[in-house]
Each structure stands twice: as C-alpha cells, then as structure tokens.
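Common to both upcoming complexes is subunit A, partnered first by subunit B, then by subunit C.
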Partner chain A sequence: MSLTEEELKMQITGDSSGTDSGDDVDEDVAEQAVIAPELKRLSRQTGEGSQELRPLQEIVIAGGPWPELEGDGQTMIINMGPQHPSTHGVLRMMMELDGETVVRAKPVIGYLHTGMEKTGEELTYVQGATNVTRMDYVSPLSNELVFATAVEQLLDVELPERAIWMRMMLVELNRISSHLLFQATNGMDMGAVNMMLYGWREREEVLRVLEIITGLRMNHNFIRPGGLAADLPDGWQEAVLGVCEQVEAGIADYDKLLTENPIWQSRTVGVGVITTEQCMALSITGPVLRSTGFPWDLRKTQPYLAYDQVDFDVIYTDNGDCYDRYRIRLFEVLESVKIVRQCVAKMPGGDYRVQDKKITPPPRARIDESMEALIHHFKLFTEGFRVPPGETYARVESPRGEIGCYLVSDGTGKPVRMHVRGPSFYNLQAISPMMEGRMVADAVAIISTCDPIMGEVDR
Partner chain B sequence: MTESAFAYTTPTDALVVKFAGSVAIESHGQSVVHVEKSSLADVVEYLRVSEEFTMCLDVTAVDHLQDVERSQIPGIKRERFEVVVNLISHPRNIRIRLITQVPESDPSVPTLTSSFSGTSFPEREVYDMFGITFEGHPDLTRILMPDEWVGHPLRKDDAPARVPVTFKGDPGPR
Partner chain C sequence: MMLGAGDPLLSGKIDLTVVLIVIGKTVAVFAFLLVAVMLYIWFMRKVIADMASRVGPDTAGPWGILQSLADGIKLFFKEQSVPDSADRRVFFLAPYISLMTAFLAFSIIPIGGQVSIAGHQTYLQLADLPIGILFLLAMSGLGLYGVMLAGWSSGSKYPLLGSVRASAQMLSYEAAFGLAIVGVLVQAGTLSTRAIVDKQAWTGVGSLGTWYVIPAFVAFVIFLISAIAETNHPPFDLVEAEQELVGGFHTEYTGIRFAIFYLAEFMNLITMSAIAVTLFLGGPAGPSLGFLSATGAVNTWLMPVFWFVAKVMVLLFGTVWLRASLPRLRYDQLMDLGWKWLIELAFIWVMVSGVIIVGRNEGWNLIAVVPLSLLGGLGILGVLRASMPNRSELVEEIL
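For the complex of A and B:
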C-alpha cells in the first residue's frame, strides 16, 4: 500500500493530530533530520517497486465503460498477495481500489521462478521429464506428455499402440484429479469450506490409483521420451474402474451441493465475464476460452494420441462467467471418466515403449546377466541419447489449456532450448479485464476460476 | 470456410510472395516461415487481418551462441538470437511458426502487442530472460526475475549460479 508523505510522517512521530502549526522551530528542524531518512526507508518498504499499473486509458482490451469513481475520487493501491490464501500460491495482485471497487488490477508474478527452462538446458533428454513434471504440479502428466512428444518428434519415432493408450488413460486420470482440486480450492475460496474436503477426498482416490500405476502420487516422471517407465501393474483395471465410480458419485454430490445453490450462484453468476474476442486477443485457452461459447479443445480439433478413436464431448457454455467456468470443469470430469472407461476397455496389448536400443534402456532382468546391458543402461542414464538437430513445437490440451513445448536441438544429448508454453501464464492476462470494475470480493472468485498454477506461470 | 476465400493456397505461400526475404520451410510437419526482423510486426498483422490467424499462442526466443554450426537455410543469415512466434487460426485449424533472426549488436524487435495484446506477458518474459527489447511495448519490465536483477538468465553466456553447500558441523576440507 502506498502512503503519502504526510501519513508516513504521522506514523513515525505518532502524532495523530496531524501537522500542527510549528510552535518550536528548532524542534521541527531536529525532527526533520530524523524523519527524512526514515521517510525514505519507509517509502522504499511501502512502495510498489518498479512495477507500475498502466494508465487507465491504455488498458484497451478490458473495454469500458469505466465505472464512475465513488466518493471523493480518491483511490488506493492495495497489494493482494503474494502471501494470500486465495492466490493459489504466490500470485501478487496490484489493485487500485475505489472504495470496494477494483479500478485497475495487474498481476505481478515471478515469486516462484526457479529457472526451470535454464535447468532444462543442462539436463539430458532422459532427465528432462523430471524437470518439466514439476512445472504444473497439479497436472504433471500433461507436462511430461508434451515434453516427451516434442522429443519424439525430433527423434522421429513411432510409439506402440499400448503406450499411446496408456498415456491417454493416465493423462485423463490426471485431468480428473486436477479438476477435482479446482473444485476443492474454488469452493474454499468462495466460502464453501465443506467443498474443499469433498474435492480433496475424491482427488486423493485418483492420486492413489496414479500411485498404483506410476509409483508416485505426484511428479510421476512416468511418461518418458520413447514411451513409459513401466507397464501397467496387475489389477489396474479394478483400481481404475473403481475410482471412476467414486469420482462419478463425487461429481453428483458437488452438483447437488453447488450447481443450484442460490448462495453459490449469487457469488458466481455474471461475475468476471470475458468474451471470446478478448480471449482471442489475450491468447487464452482451455476452460476459460470454452466458457465463452467457443468449443475449442485440441483433443477434438487437432487430435493427438488416440483421441480420435474415443467417444467424448467437448463441454462449453455461453456466458464466460465464474459460474460457467465452474460448470465446465465439473462436467469435463465426467467426459474424462468416459475416456478412461474406453481406455480400460480398449487397452491394446504389446509393448509399452519403443524398442529402439538408442533410446530405450534394456530390461531389468538383462542387466543381471549381461555386462553389455549394464553398460548400455549406465550410458543411457548418465549421458542420455543424442537427438538429431532441429526444432519443433508440440502441444497438448492440459486441464488449463494448450500446453506447448518448443524444443531446439543441436544434435547433442542436451537441448539448446526447452521452452514450455504454460497455459496459466497466458490465462493470468485475463484476470485484469475480468476484475476491473468488480468488487474486491469478486477478485477472489475470478482468480480462483482462472485456476492458475503458479509453478507453471513462473517456471 | 472454403480455401477460395483467400488469395493464396496457404498462408506460407502468401508470406513468401508478399514479404521479401521470407523463406518457408517445414519442420517435423509444421509450417515455419523465416521472416525479416523489420517486417515481423507487419507479417503478424497481415496474418491476423487477411489470413484469419486468430490467436498468438506463444512468443519466445532462442540463444544460439554456442551453436554456431547449425544448419544453414538458403537466404537466411543466421544471427545469435532467434525470436519465435507461434500463431494459430481457429477457423482454418492451421498453425504457423514465424522465426526471425535478431543480431547480438541490436537485440530489438517491433512489438506484436498492437496485433495481439496477449503477447504482452511473453514479450516481457523474452525481454527479462534474453534482453531482447520489444519496441513499442506498453510495459516492458522484468516479469519473472526481480526488478533489480542484473543480466538476462537464459542467455548462454549467463552462467547458472553455483552456491557451495556447507553442512552443519562440516570440519572443512581435509
């Protein structure tokens, strides 16, 4: 929050009566000598740094008409976050408030920046998956998938059928867990705290199944260039089908609890409206784009894996408000359940990874009996494999929108550039136009329904 | 939408004809056009207005400092930096990637925010990470790194920081 010099001075001297007429001039001078450096220090602490809100008229995309300023027209700049429970991590919103109304807003990010793209240049392609899986930590398998796809495009390898269907099933399970997490946190942000417990409950069941298959609840490092890390374990069908039923029952509960709930509707309907045109201009993808009545889903429009062989619908709504974004994510879970069921039914046999000795490590049993296999395994995991020079952009529909991976190789074992287009990073740009002119309480709902994952935003 | 609504069969053809110095190639089944730095903003605006490219998906950059022997493309003088722009046309369901060479001596490109305001964040990211300025950008400040940071981390000559780890009770080198 920025304070005027006068207010700062009052805080320092503890003089609540303001500036009285100076009776004693000498005392004033002495006071000034103390106050001047202190003022400087405090203004450094309370200023907004070099990040500044843009002038009002420049934010064209947000559209007018601007609300008439209430009261005496005095506005105040408030920093919401980065340490705020509703900011989903470390998002800082700089908001100019006029009373309770947000006049301007700007997301300030970078608090979770860990230089993952730089790290990616130092890791081999085998190690790369462990890096990207930590970007969007709520849907790590989408990140692994897009990275693996990019590497495979450069290597020009064809995956076996079973690997494709396994990947599709895992990514859809991950989409379910991601959307359940959204339901939980979104409910909590709006005050429906019981929703948080329900959402977390079902998500935990999905993560348990992912743990059975991949060995880890999160950050799986399971989808790797050339296929997957391991085959499906015994009894996976029962586990997957069981969790499908639990999720469906859970979704029915949420639907009953929230969708027709008048309090819920009054918090979300008509709040944070965005149009298709704004989404197009601001590069917004995923559920936020689909909530504006534009049924764009890469799984349907530019199919990858085997999405053209399964039956599912693209969920979209027309109003582009918080309520629609909630409904889209609710019903997308059911479509994902549909896909998972078809994957279980149609799961082909065969190999779960490419049998190419250049990129696939030898089976575990061979390592025990063959020196060459041991050396091969060791070389692959210490030096990695070489990827032909070239550049490619792979894209996948993650739970938050189009996640892309731009990969440049120079023919060595490490990429020259590994750039991930995180959908949350772009979707954050929607927050300002959604928020401006709305109340502060709506800001929380708007941030929440954009569903930003800061790990992916800051990378 | 029938293809006849457009003057050229594909947008890459259009760019090669309309903008001198453009070279179209294909990279792993994706259409890529190398364009001149000076015409980048015009190319993007042309694609938006005339070829129905509705969204700019991504703006990023590559530093080729240590990659001097990379493949040469006829008609393109390779420079240290490359700025990469990914565009998508929703009505035509096609994608295009524009690559422009940016020399080390003058690391600046015209901004694309006048065509697609959504390129604001990624351009700030490229500026932050590579020090490539986007002329005309309304708010070109650092986005991920702290404001007072010196240097641009994703440049190849900006070495990653290494901090020696000392353990509690470590007697030191023996």
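For the complex of A and C:
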C-alpha cells in the first residue's frame, strides 16, 4: 500500500479533518474498535504498492478507449504468478479481469534477480563466460558468444577459421534446442500435454550432442574469449548429423500434430496481434518481430561469424499473431538444421583458438615441460588477461532476438561495466498491449509465444 | 412407483434373500466402480506415457498397476488445509456431492443380462428405474453443484473463475446432451435403460443394425462430444485448466478431499462411457460362446459382462487419446460450439427422427415428408442464426 496507515484510517472513517477532532478518549477507543478489523482486512489484500496498474482511462485498445464495463462495472485483480504453471518461471502478471476478459495487464519482474551484471564486474574476462552463460539458460551458447565477441573486439584479435565455424555450429545447435523447448512449453500451455514430451524428447537428443562436444548439457562455458575451450571430439560428425535427422523427423511430427489442427488454429490465429510499428517502438526483436512481416535477422542483415558463407533463409510471416510466432519457430529449426549440415560439410581444419599465450592457456602437456607455459597458465587463471581500455558493443541473433553485450574496459583484467541486452526483457513489454481485451486463456498463449526466459529478463 | 419396477427380483414377495441380493448387488457395483476407476487411472497413465515415449508408472505392483492405490493411500494421510476465507461447511460438503452423484448415476447401468441368484431371477443391474435416463440427467445436473460450490466456497480467485466456467459449461452442454439422448428415446419409446438394451439384444450379426449407433448416428456424435464436455474432460477441461487457472475449482483442495474430486471425475467419465454403450452400442449385447450351453454360467453371467466392459474400454481408450493429444478450447469457443452447433443439430435430428417414426406408424410417404421436415428444421435454424448477434459487430458497436 502506498498510503500511510494514518491516511488509510482517514479513508476508512471518512474523517478528512485529521486527528485534531479526536480529543475525546472514548471516541478514540470506539473508533479503534471499528478500524482495527477493517485495517486487518485491508492489510491482508495483496497490495499493489509501487506496482499500480495504469488508470483505465489511459488504456487505448483497438484505436479507442476501453469501453464502459457491462453490469455493475466490477473488476477483479488477479495475480498470475510468480508461482503459476504457465508463467515460464517466475514472471508475475497482474491482470484486471472483467469476467474472463483481461482489461489490463502488467508484467512484474525481478523475482529471479541475482545481480549477474554486477557480478560480471567482479570476474576476470576468463571467468566472465561462466557468468553470462547462466543468464539465458535455454540458449547459453548465444550468451557466451556475444560476451566473447565483445571481449575480442576490445582485444582486437582475429579468430582462426575453425573457431568461427565451430562457434556457428554450436550456436545453431543451441538455437534448435531452444526452439524445441518453446514447442514443448507452448504445446503444454495450450493444453496439448503430449506435445510437451515430444519437444523435450528431441531437445534431449540435441543436448546430448552438445554434451559430447562441450562436456555439459547446459551452462557450457565453452565459447571463451579467444576461441573455444576444446577441439571437436572424435566422431562428432556422426553425432551432429544423426541429431539433425532426429530433429527433422520431430519437426515433421509437430507439424502434423498441431499446424493444421482446428482447435490449435482457433486458439492461436488472430490472438495477441502486434504490428511492426509497435515492435519498433518497444525495440522488440527476434521471432516476435519477424512474425509481423519484417525480415530482420542479424544473421542476414549484419552477418557475423561466417553466416554470409552459408545458405539459409530468414523465416517471416505477416500476421503477427500467436500462430505465426509458433510457425516461425517451427520452421527456423529446419533452417538451423540446414546451417548445421553446411558447417559439418565445410568445417575447416586448423586451430580452434587464438595462438596468443596471453589470452589462451597453453596445452596441458606444455606445462610439464616449460617454465614459461606454467607461468602463463598460472597468470591466466589467477588474474586473467589485460584488455586495452575502451568500450564496445557486440550483438548476435539469439533464439529470442538480438542479444547484445556492452563492455567498458579500463585496461585491467576485469570489466568496469558489463551490460547484457537480453531480448526477453524487451519482448516482455509486448505482452501488455497484446493481452488487453483478450481472454485469460489467450493471456497464457501470449506469454508462451513471447517465449521469455526469466533468467535473462532479470539478470 | 416402485424402485426397480422392471426387475423380476422385486416383482414377487420381498423376503430376506431378496434384500440380501440387493445389498450384495449394491456392494458389488460400488466395488466395481471403485476398482474400475483405479484401473482406468492406471490405464490412462500407461497409455499416455506410451504415446509420449515414456514408461509411466512401473514401481507399485506388477506394471505399476497399484499406482492409483498408492496415490490414494498417500492422499488419504496428507494434511488437509482449509483457506482462511473459505466457507467451511460448504467447502467440506462439496466433494461429497460430486462423489455421491457420480455413484448414483452408475446404478441404472445394465452391466449384464438376466441371471439367477439363489433361485431368484434378477438383472445384473442395480436399479432398473422406469425413469432411468431422467435419473441420469438429474444426477449429472446435481453433480454440477459439487464443482460449483467447491469453487465458490474456496474464497479464492482462481477457483471462483473455475466454478463460473463450470456452471456455464455444464449447463449449456446439459441441453445438447439431453437432446442427443432424446434422439435415442424417440426411437426406443422408453426411458428404462433395461428396455433400451433389450431392444438392441443380440440375435446374430444382423442385430448390429438395431444398435442405435446406426439409426441415430448424428445423436451418437452429439452425445459423445457433449458427454466429454459434461465430464470436463480434455479438450473441454476449462474448469480445471491447469495452465490457466492452476487447478480451477479444486485449487484449494488437498488430501482426501482432492482425491474425492479426482475419483468423482473419473467415475463420471466411466459412467458416461457406460451410458453411451447402453444407449447406442447395445449395452451387454454381443455374441455368446456357441459351443457352451446357452443357459450355463459362462453365457449368462460372463459373456454379457465381457461385452459390456469391452465396449466401455474402447470408448475409454478414445478419451485417453483425446487427453493426450488435443489442445484445449477457449471459453467462448466452447460456448459457441455448444449453443450454435450442437444444440441446433440435435434439435433438427430429433425433429427428423420424430417425423420418420410417426410417419412410419401413420403410413406417410417418407420420401416426401423427411426432406420437408429437414427443410423446416433448417429454415428455423436459419431464422435463429440470423437473429443471433454477431460478436465482431457487437464489439464494433461498443467501440
């Protein structure tokens, strides 16, 4: 409650003259007896606090103000989350309902805030990747890539070809696993329970391949400034090509199960519509933006890594509704599979990291032989490497949109400021305008197709 | 009017044996339904697991068959919390309303044929009420109170939304449900479930044509859809819609009271499948084993029960399939489907089949009369349609 207790008392008793008139002791006691239970009742209500909803008059929907409410005009404020089956973690939606219709909605965030950006300032550049990888825990490799790219821009190093192609393949595999997870949770949010398990099933296969290559299923810490942590293991081609086939079979199944399903279409077509202009105003990127008919994909528009040397299409649709966002993510998986196949075919030989003793650690065997290697190893893992002073911004296309990393260096081994532009955070803003005037069931579909990852929103 | 007027057991003198037989049948049906629910939950979980490439329950008993029992025991001993703001008396009462009506509705189902117990002839059916089907409608209508009162008395917002949805959904589908049943009743000419089953009795493969699924096919389809909606089964499970309303009407229920709702829900599902079998699929009718005596225990006791259970199983498998694969409808779409399609279709069907039956009795020229009645029905439908407000126009008017 933003009101003080005294103001509250005044409101309840309707006494605007304040405490001046309350000289009589008996009257005070009598007043207390009335007020106390009322205060208790009010204090039990969920306070909006600083999270107050916008006044009803300010809401603009479908080009006009919110219509007069029917009946007695009573609405109900309902808190969806932070503990709720379909708020994807700890998102809290404050929704004012008129019957089943959402009058206005407001996302409340911060329940997963762990101060990761601040933590990043206390970690060396070598340790930094372990931190950023935990932000968007569904596509950790994109985070690592953007952080490593930013550091390399400051260091001004040129990566070997193999490192570039390895990074591209890993990030695309990760995009596949992320979109598969979306298919799973989106299906579940609409009530198609088995879809959840189909999505998880294929995602698990992709994670298995990532585990073969990086050693971990999630939070890999594999893409590091200066290259990668290790070279590709034996037999990686068979594993990667095998999972490509499994994923394609899975996507064909989902397509059959949902895309033409009349119930699925009636739940998603025309629901949660957003336009390109609105996306621009809210700096929304990724599949949400592409669903409005604007083919903006950093992999094509501002190619990084070797995306200009592989053949793939940017998937975009025109309607900007939940159905389009579902379809875009479905077909983007196939494009990613295409890229991964090309990476396997064209994977160059050579080194997987920069041969600069100040940036990348020496091979394990060298430490036993060379004093210098031991010193480099020790220095690198205790105080890290020094980065020339300056600031930089790097961006890549994560499965959720443009993920950026802003780094400021003062020439020491730790960044002065690290900021990550998490696409989920910006995409979350689209939820309120999409929801207003829709039904509760649509609200769930809208949250789901915006695909927010709360770890990235709160950082 | 006597309870079970059609049952030969009660037509003679009522002595201690008769009372004992009735009590025995009651206990047997009670146990049958409980065991059926237990096995159905296990079956459902196993089949869904298989459809989702999982193993499913496999620890409690062979193939995990005792899983539901284990869950029941666990829920029985769990702490039961009651929200501060709940209306306690109604809150405690609501689950039992659901359970009671679910049990009672099953009592009119003919499970088998006529058998002889201790020298008395009787039906394998708890009660053969002359108003059988009306009793079913009454019970499924009352069952709504359990769900509605549970949500209302919880004193919490999600259950309230769930119970509002429940009352609207069950009331609107009750109409389509009832009309679909009328589609059979006009053909059978009786309300007694036993008499309806007798009209579909097995006399050879040709008697398949007397099963009302064929002459009343449209009614069968309407019945299936509205029965699924009536039992709040996916894809019409808006009442509990986990992803939207957390648990819907039973969000605040814990322990054994939650288990009772769960039990009642699946009992209703089994009852609805059994009713569908009774009305449309011949009930216990089916070929008996020709090489055994027609009056022996196998052919009088076992085979009818076998056919009944087998048909119910087929329908129940269908419900599991729906549960596994379909997304959920939205509230307004559900209402549209019920009011704008099913009820009208059922009305036209009742009208046409009524005309056919009356026409047959009166010797009318069916070729002329049936299309006429169909046209009349469609005409009325058109008038109704035209007078319905269009949702998008309504929105435009408001804005």
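As a working rule, the second predicted complex is superposed on the first by the 406 of 459 C-alpha atoms of A that agree within 3 Å, B and C clash if a C-alpha of one lies under 4 Å from a C-alpha of the other, contacts with A are read in each partner's own complex, and residues count from 1 in each chain.
The criterion applied here is as follows: contacts are C-beta pairs under 8 Å (C-beta built on N, C-alpha and C of every residue); 3 or more make two chains touch, one makes a residue touch a chain.
Please read these numbers as outputs of a predicted model, since none were measured by experiment.
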Margin query: One more residue to check, A:A441. First (subunit B), second (subunit C), both or neither?
Written below: second
Note to self: For A:D189 in the superposed arrangement: first (subunit B), second (subunit C), both or neither?
What the structure shows: second
Item checked: Which superposed partner A:R341 touches (first subunit B, second subunit C, both, neither) -> neither
Next item on the list: May I ask you to decide whether A:G115 touches subunit B, subunit C, both, or neither, giving the answer as first, second, both or neither?
Entry: first
Next item on the list: Answer with first, second, both or neither: which of subunit B and subunit C does A:Y393 touch in the superposed model?
Entry: first
Notebook entry, point to check: Does the superposition put A:R217 against subunit B (first), subunit C (second), both, or neither?
Noted result: neither
Margin query: For the three-chain arrangement built by superposition, which of subunit B and subunit C touches the greater number of subunit A residues?
Written below: B
Next item on the list: Mind working out whether A:H377 is in touch with subunit B, subunit C, both or neither, as first, second, both or neither?
Entry: neither
Next item on the list: Report, in rising order, the residues of subunit A that make contact with subunit B in one complex and with subunit C in the other.
Entry: none
Note to self: Can you tell me which positions in subunit B touch subunit A when the two form their complex?
What the structure shows: 27-30, 32, 54-58, 60, 62-64, 66-67, 70-71, 84, 86, 90, 93, 95, 97, 116-122, 125, 129, 138-139, 141-147, 153-154, 160
Notebook entry, point to check: Where on subunit C does subunit A make contact in their complex?
Noted result: 48, 51-54, 157-158, 161, 164-165, 234-235, 237-238, 241-246, 323-333, 395, 398-399
Notebook entry, point to check: What residues of subunit A sit close enough to touch subunit B in their complex?
Noted result: 49-52, 54, 58, 60-61, 109-110, 113, 115, 117-119, 122, 153-154, 156, 280-285, 294, 296, 301-302, 389-393, 395, 402, 404, 406, 408, 410, 416-417, 419, 421, 425-426, 428-429, 458-459
Checklist line | Residue ranges of subunit A in contact with subunit C within the complex | finding: 62-64, 67-68, 76, 78, 84-86, 97, 99-100, 187-195, 197-198, 201, 257-258, 261, 263-264, 266-267, 439-444
